[in-house]
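We just call them A, B, C, D, E and F in the order they show up, numbering each chain from 1.
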Amino acid sequence: MTLDPVILFFLLGLVARLLKSDLRLPEPIYEALSVYLLLALGLKGGIELARYPLSQLAPQIAAVVALGCVLPLLAFMVLRGVGRLQRADAASIAAHYGSVSVVTFAAAMTWIEVRGIPSEAYLPLFVALLEAPGIIVGVLLARGASGGATRWVGVLREVVTGKSVILLIGGLAIGAALGPTGVKPIAPWFFDLFKGALTLFMLELGLVTGRQIGALRTSGAFLVVFGVATPLAFGLIGAALGTLMGLSAGGATILAVLAASASYIAAPAAMRVAVPEANPGLSLPVVLGVTFPFNLLLGFPVYHAYVTWLQA
Amino acid sequence: MTLDPVILFFLLGLVARLLKSDLRLPEPIYEALSVYLLLALGLKGGIELARYPLSQLAPQIAAVVALGCVLPLLAFMVLRGVGRLQRADAASIAAHYGSVSVVTFAAAMTWIEVRGIPSEAYLPLFVALLEAPGIIVGVLLARGASGGATRWVGVLREVVTGKSVILLIGGLAIGAALGPTGVKPIAPWFFDLFKGALTLFMLELGLVTGRQIGALRTSGAFLVVFGVATPLAFGLIGAALGTLMGLSAGGATILAVLAASASYIAAPAAMRVAVPEANPGLSLPVVLGVTFPFNLLLGFPVYHAYVTWLQA
Amino acid sequence: MTLDPVILFFLLGLVARLLKSDLRLPEPIYEALSVYLLLALGLKGGIELARYPLSQLAPQIAAVVALGCVLPLLAFMVLRGVGRLQRADAASIAAHYGSVSVVTFAAAMTWIEVRGIPSEAYLPLFVALLEAPGIIVGVLLARGASGGATRWVGVLREVVTGKSVILLIGGLAIGAALGPTGVKPIAPWFFDLFKGALTLFMLELGLVTGRQIGALRTSGAFLVVFGVATPLAFGLIGAALGTLMGLSAGGATILAVLAASASYIAAPAAMRVAVPEANPGLSLPVVLGVTFPFNLLLGFPVYHAYVTWLQA
Amino acid sequence: MDTMSTDTKQGGAMHWHVRKLLTVIAEAALERKLIEESLALGIGGYTISEVRGGGAHGVRAGEWEGERSIEFKVLCDADAADRLAGAIMERYSRHFALVLYTTDVGVLRSEKFS
Amino acid sequence: MDTMSTDTKQGGAMHWHVRKLLTVIAEAALERKLIEESLALGIGGYTISEVRGGGAHGVRAGEWEGERSIEFKVLCDADAADRLAGAIMERYSRHFALVLYTTDVGVLRSEKFS
Amino acid sequence: MDTMSTDTKQGGAMHWHVRKLLTVIAEAALERKLIEESLALGIGGYTISEVRGGGAHGVRAGEWEGERSIEFKVLCDADAADRLAGAIMERYSRHFALVLYTTDVGVLRSEKFS
């Protein structure tokens, strides 16, 4: 078994928190690291993006956006039908699982790279595409037909100008504008350091996750099961779509990871404002305390196995 | 046209702010980045400084300090005579334009490097030399003959022990002490990462500038024009002096950039304390909202053209 | 004489503070840098650790832990017997000198590396081993036999789960798990940048030390002498033990440095909680204002000379 | 009563005016809303600081952006404090981690905080 | 008296209850202890912010971890404030840099801070 | 009156002394001056925290060093609070973004804050 630094650092943070260590990373460092990671991911994707003709990418873009709209609907149906959650809570959790976790994506990228699995260079584009639709569908589900057009514009603006989307899209655009040569002077900062910076971020996420695990009681048994079952199911959907779209083994695995992952940056922030009646005490412990570590520690090989099986 | 990463990141910050995005970089990160940039610039200059005999540098040093004293006088005359500003405000704005912007310098250095324009290695020394005189002349202009010797010592101490001067001079001294070999163990940190770190700083400055543009109404039309005309005029003076001093094309361009740039770190801080009756609501929006982006986006090629024309 | 960047940056911070400059590094940056340094040191040691059979390391581990228990006892006897300090204060200061300074260790490592002095690769293990015993013995000395078993478990837990021990041990474990190949993706971040990051930390420590020097009056003349005499004596003990243990010249020098250094991260934090009646106004100025700069500026060559003489 | 200075109360020389300080401790997600509500009531300023804490909604240690809390303070007259407190309680107290309280304070430039 | 609203005092429309705000400025090393003491007295919440300052124990500029200070605040009734203040003074005031004070404040949901 | 404890007021067991808390919210550029003015009046300590906000001088979002604001607090007797407030208003209120107010607070070790 190949050990991944990112996972070891995540575990170190987790263990430190469970041992009640006073270890902490100041919040400004957390924020700066997340800005850095989003920009770096965007840049990396942007450099390659310029090489592909739009005609090739357009169908893939449409398929990925459709995926981002369908997944939260599925989640919502299960949460309402099986879990009997209130409308607002079901919609909010659906939005989390419809959107994506950028850090899970970054960890999965290093996972496939270390194993030499080939992948498309423009995958960060998918992250940017998948960030928003899940959140928007979630708000729609919470509101039903009501809500009014004016409020809608507000929610849309908030999601699209949210820091994750701005930085990913901004990074993609700058990467595309600079190209492989123009990006060279900033490559040591954005690319050589990327994995190292990610380990520090993972350490912090381990600490945060450790606290959320303690809060899992509030979420209840159904949501804990949901937090494992959903990535397994959505991962399969992502793997299938990726295969249908003609992605490489690595590309399809990453699309599976994206489908399986749940947002804990953009979605919680948007839900607090757009669907305040949803209880974050239900969603956050499951997203961060169950699904995030599940994907990181166990999920990647499963999603890769899905793809190997589907592409066989 | 060659696109510069620093400018693209500046624009990204600007756009994010104008879209009212929640994107932000925590203030401690801003402060740390500015310490890093000042040290790195100082070090870079210091390494080369040791190679030059003092006899060669002494006349250049004198000329540059003289430039730093004359420019604020010119600005003051225009601000009082044409703009009819109050004495304190005119003196304060003159101090900003007499001093220099370290970040504009750093961006200009990458601009000439990318284009392969040759330049003297000790240019960071000029930044350190130009930081203080403009501020001191500005205080002098605000006070007239009054003020008393004791207060003068205080102002001088504050400017000379201000963080920008301490870090630039400190970096120059350490660089000179270490030389090219001694600096090697810290080169990856201070030199390889420099341009990447600068992009993050530029992103933040784009955000800050975006807010200042909204405050331009307070400054009024005269100051907006002043914010474009002054760099064009001072840049020409800098280019001419650089040519007279026998600097290379790159060196003279950089001296033009320094003359054209206006301080937004050291000068505002010093003015608040030494000339509190000056209104920062007049100066900051022009310095940050007009002159800084003007230099960054349009100025460099103009100053380079001045030099090419003068040295032809 | 070879100039070390770390020392020059320390001096820059010191000078800036003595000149009353407004230079500062935000506290979150200080905290982040200390997390980074501890992790990097741990990783570096861990990679090599896996290569050594436990049978070879076990006796060295025992000897180093014994050293960590004996040194605070010696310090305590002097502080009580000669210095006539109160029990709690003597015990607290003994704990500081029984434990170690991670930054002094890091600076000493670059000192021997620059000079090409060979050393064992697992030395960071010694830092992790020496962190806790001094503190525990210090608490024991403050309490005498009293205190009760329950409180003891608390103190032990606090020391062992303290951030320094967690990060050093965590880094060692991750380094050992990854090995030289697995660590490669994160090497640019943790190893190439190490010395550069250390210079920034040193700049900050210079600023902090500058303030402590002003507080030395509170500590009194005896403690100032103690702050120089103890490293000289403990350095000799460390050098002798290192030589007896069969360490290389570099390894024995580093063990001498560790013995000579005094903790200013883990020990003060633990003492405030476990021995609150000890006055930190006595210990901190001596540890940071005397012993730390003494070791950094004058100590390393002395300890190296000890070793050369003992190993001759 | 508004112009009654506290110097009758404590013998000081300055002319203090009684005003209310309304303090709201809340999830950072409410920052924009709180500013907008204050502006809507014509309150002339506000001050924000970063805090962390714990309460009925559990520990909010402020370690990452999903868990940031702020302390939001406005100086104003009793009437505006009542209205703002009322608006905040009505719109946000049900669904957000939130605590608010008022303090009687003395100010000098009463026209700034009417 | 606890349920006496301040509207009789200042003419506002909301029903304010008088409670105590106990503020403790102390070395960061006391953070855990202060939280534990509050919990032990059944106080329902607390708020912490990072501060720096100076006093009898010298300047605490908060530049590094050995010198961090916090401001710890609890809203509670007068009785709990007295007990908590008493416990803190007794156990920590001798050996720690520490200042505490109480303020009368008005709260709306009195059951949260009893 | 200074030694009048608040226990007569609220029935608590501790002996609280009435003092003033003077709070100044101001541009960070004033930090040194505020400390010096307090020291000059013999005030024994101060506490500072980082804040951001908005007021007559516009939004001060604290995003960069040119726009930092601080909250500066001193505990002292009413007389010192009056003098310090007077000195600050006279010297700085015209040219700086600045707000100040006083609160009546109860302290235990009155000799620390006389």
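Everything below uses one rule, namely that contacts are C-beta pairs under 8 Å (C-beta built on N, C-alpha and C of every residue); 3 or more make two chains touch, one makes a residue touch a chain.
Here the structure is a predicted model, which means the values were calculated and not measured.
Colleague: How short can a path of touching chains from chain B to chain F be, counted in steps?
Modeller: Shortest path length, in steps: 1.
Colleague: What is the set of chains touching both chain D and chain E?
Modeller: Where chain D and chain E share a partner, that partner set is F.
Colleague: Starting from the Cα centroid of chain E, hunt down the chain whose centroid lies farthest away.
Modeller: Between chain E and every other chain, the largest centroid distance is to B.
Colleague: Fitting the CA atoms of chain A to chain B, what rotation angle results, rounded to the nearest 5 degrees?
Modeller: 120
Colleague: Copies chain E and chain F touch; is their interface built from the same residue numbers (over half shared) or different ones?
Modeller: different
Colleague: Among the chains, which is located farthest from chain C on the basis of C-alpha centroids?
Modeller: If we average the C-alpha coordinates per chain, D ends up farthest from chain C.
Colleague: When the centre of a chain is set as the mean of its C-alpha atoms, what distance in Å lies between chain C and chain F?
Modeller: 40
Colleague: Per the centroid of Cα atoms for each chain, what is the distance between chain C and chain E, given in Å?
Modeller: Centres of chain C and chain E (C-alpha means) sit 37 Å apart.
Colleague: Could you list which residues of chain E touch at least two other chains?
Modeller: Only 49-50, 103-104 qualify.
Colleague: Using the touch definition from the top, which residues of chain C touch two or more other chains?
Modeller: Correct list: 24-29, 31, 188, 193, 269.
Colleague: Write out all the pairs of touching chains, ordered by chain label.
Modeller: Between chains, contact exists in these pairs: A-B, A-C, A-D, B-C, B-F, C-E, D-E, D-F, E-F.
Colleague: Report the residues of chain C in contact with chain B in the complex, numbered from low to high.
Modeller: 2-3, 5, 8-9, 12, 15-16, 19-29, 110, 114, 188, 192-193, 195-197, 199-200, 203
Colleague: Within the complex, which stretch of chain C touches chain A?
Modeller: Per the stated touch rule, the residues are 26-29, 31-32, 35-36, 39, 157, 161-163, 166-167, 170, 173-174, 177-178, 182-183, 185-190, 193, 269.
Colleague: Going by the contact rule at the top, pick out the chain E residues touching chain C in the complex.
Modeller: 27, 29, 50, 57-59, 61-68, 92, 94-96
Colleague: If you look only at chain D, which of its residues touch chain F in the complex?
Modeller: Residues in contact with chain F: 6, 10-14, 16, 19, 21, 35, 44-50, 75, 103-109, 112.
Colleague: Quick check on the complex: what are the chain E residues that touch chain F?
Modeller: It comes out as residues 20, 23, 25, 49-56, 69, 71, 78-79, 81-83, 85-86, 89, 93, 99-104.
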